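Right, I'll just put the structure down here and ask away after.
Each chain gets a letter, A, B, C and D, in the order it is written, and its residues are counted from 1.
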Amino acid sequence: MKLPAIVVNFKIYERGVSKEGLKTAKCLEEKAEDLGISLAIAVNAIDLRMFAEELEIPVFLQHMDSVGFGAHTGHICAEMLRDTGAYGVLLNHSEKRMLLADLSAAINRAKKHNLKTLVCADTVESSRGVAALGPDYLAVEPPELIGGDISVSKARPEVVSGTVEAVAKISPDIPVLCGAGVKTGEDVKRAIELGAKGVLVASGVVKAKDPAKALEELARGLP
Amino acid sequence: MKLPAIVVNFKIYERGVSKEGLKTAKCLEEKAEDLGISLAIAVNAIDLRMFAEELEIPVFLQHMDSVGFGAHTGHICAEMLRDTGAYGVLLNHSEKRMLLADLSAAINRAKKHNLKTLVCADTVESSRGVAALGPDYLAVEPPELIGGDISVSKARPEVVSGTVEAVAKISPDIPVLCGAGVKTGEDVKRAIELGAKGVLVASGVVKAKDPAKALEELARGLP
Amino acid sequence: MKLPAIVVNFKIYERGVSKEGLKTAKCLEEKAEDLGISLAIAVNAIDLRMFAEELEIPVFLQHMDSVGFGAHTGHICAEMLRDTGAYGVLLNHSEKRMLLADLSAAINRAKKHNLKTLVCADTVESSRGVAALGPDYLAVEPPELIGGDISVSKARPEVVSGTVEAVAKISPDIPVLCGAGVKTGEDVKRAIELGAKGVLVASGVVKAKDPAKALEELARGLP
Amino acid sequence: MKLPAIVVNFKIYERGVSKEGLKTAKCLEEKAEDLGISLAIAVNAIDLRMFAEELEIPVFLQHMDSVGFGAHTGHICAEMLRDTGAYGVLLNHSEKRMLLADLSAAINRAKKHNLKTLVCADTVESSRGVAALGPDYLAVEPPELIGGDISVSKARPEVVSGTVEAVAKISPDIPVLCGAGVKTGEDVKRAIELGAKGVLVASGVVKAKDPAKALEELARGLP
């Protein structure tokens, strides 16, 4: 995933799943190509194969468990993603938080199976813990701002800069994205100025009247 | 799903997922047709579409969440299964136990979206609680016998007959399956004699040297 | 616990814990005696011994695990409550929801050790599941009304009457309490008229300017 | 807590709770004084006050939640421990694992309320994550060895030395303890040689025929 990047979490919004979701994704992919920006998306497990087969951009699965093959009804393991075309996994999103031990194991398993990990954290402090587990990318998102109208880079810039600084102390090679309330080019510009290498967005794009236009607006803030 | 039925939980055994899993499933489907028995399977979320599209037998998803469309990263909701061809959902398996409140909500959501529910319970007592939530099918499985060599119908027949009786008091229309350690035709025969309307199996078939042959052996116990 | 009863959940409000909490409890106990009403409280684990030793009214613990003695760091088992003076346990509160299997096991363990169980449910449907597990008392509380200003008996009377009816079909001997937003004598009166045998309250009493006066107001609604 | 230290987790073993548990604790305290070693224990929530009041040695609570005062039925917050005499809290034990976000918040809240934190990790990798959250002490325990007969310092010395090294890179000031299967003075000696500043033990002492004697045996390995 080229940086800076815009990662769109499709969650399980009606417009983010199934054929409708794929249509949205293709439309975003096309726009990203036009704009020459780096775009990736995160999709649900049911639609992963379909999305990954039909898209060129990196596709992350929204959650993966820490186990391997075996007697684990209802779980998803890294080995199962090998032939799906998935680029990686989003882990520890505030809507799907993980036990520290499981998160650590899931990151290690993802690595072993060549899946990139984009791991979420909710505060500067927990970002340190996440960074020390060695993810490929870290996204900081204050839960109270998720889905809201004020972006983290505006409302709590110290969370973005603080996380960038804290993560750099643990491991200078982990790019930090930020998310929560990110909707305008100005929000993205501030995030980049604060040291972020991109943004993690969801409702601002997927629930926008015109997702491609919303992406274009965000892209205005990229350097 | 015609009763009595044999439901095979593919878990995430190596041979139960991806193309290898689909091959196993087709092979079982063919055998079931030859034998004229009622067969269903439970698969993981990643492979659900692929399995449901390629198979005629009922395909259950191994777990579903209790939410609807929305900001629920990493979740699966009933609405997402509408166009997958899924017959229903397995819920509350001992490897993916659910909060009572969530299980209740998931059963109601499944009903609303025409998905059949096969809900697991671990004891006679908890079977009463599950039955009162109104599932389409109930499967009782003592966790300590799952994956083992002695079948529930042999080792703890009172769990099967006790559950059949307890469930009938709550709601006489809910068929009870039983599982854990079921491997032979004799195990199935006993289960049916104890009042079960079928069996829920996993390793006994999916990890057998020859899954189709293992299914044939189980089928010998059906009336 | 004599019925109808008012059960006050002290949660971990500042005024509901430690010596301050005990003072509040004693004050409520005295008022209940004056009024001749049946009062019980639910307290946290740290303060259980202290409260149970100093009070005459029934004291429930706010949560108990489903295990027995053993290697269960950070858990609480029924055997541990034997010498505390606890009257029983509150289980499955919406702020501490339980897996169906664990709830079932915890209820059975509580019975074995002569602890009364007051088990919460969030809807009419899940009340059926709870009732079938055989608790001593059931309290229905729609989570969205908890801590609010409109009582369940006013805002959603059908939840109270529906639960009373549903529980009676499963087991006519389980008294139903109701909770969420209950603050006035009128709220209590309606609850009783709808078939409840009491109320489960928290903030309305514990966070009231004058808890004893708040209790007195509620008591006005008792028959 | 003076280092090196022996920390005894009383879990909820029959002999580790209530009056019997307190008797065991006093007996260990007396022995530790005789031997001139540093001893601490971890107890359950129900007995915390009683133990902390009657003992001189540091007493840890076995688990604490990440919330503060408020509507959190069945939870325990740092503020509630202020007047109990607790020295600190054990967090993230493999029998009570925590979400990374909650663990981070709990550590911060403990600090704010002057409670020492002893945080468990299951592997070298997850120890890095724990260390980055800033605990006062870190205890590494491979879950598969807990309660067993072979000590971590013998069976998997690389876990102890690897954790000591990994933690030192994150923060050189966090002392590392190790646990799982530790039963002899030789086990303790090896642990210290591998860089540990003490051990976390449970069954080896609490379930020993003579706990004081078992402690004496362990103490032989201290420098």
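Observations, loosely collected:
Please note the rule applied: a contact is a pair of C-beta atoms (placed from the backbone, for glycine too) under 8 Å apart; a residue touches a chain by one contact, two chains touch by 3 or more.
All values derive from a computational prediction rather than experimental measurement.
Steps from chain B to chain D, minimised over paths through touching chains, total 2. Ranked by distance of CA centroids from chain D, the top chain is B. Put simply, the C-alpha centre of chain A and that of chain D have 36 angstrom between them.
Taking the mean of the C-alpha atoms as each chain's centre, chain C and chain D sit 34 Å apart. Each of residues 94 in chain A touches at least two other chains. Interface of chain C with chain D (complex): residues 9, 11-14, 17-19, 42, 44-50, 62-63, 67, 69-77, 79-84, 90, 93-96, 146-147, 202-203. Within the complex formed with chain D, the chain A residues making contact are 92, 94, 97-105, 107-108, 121-123, 125-126, 128-134, 170.
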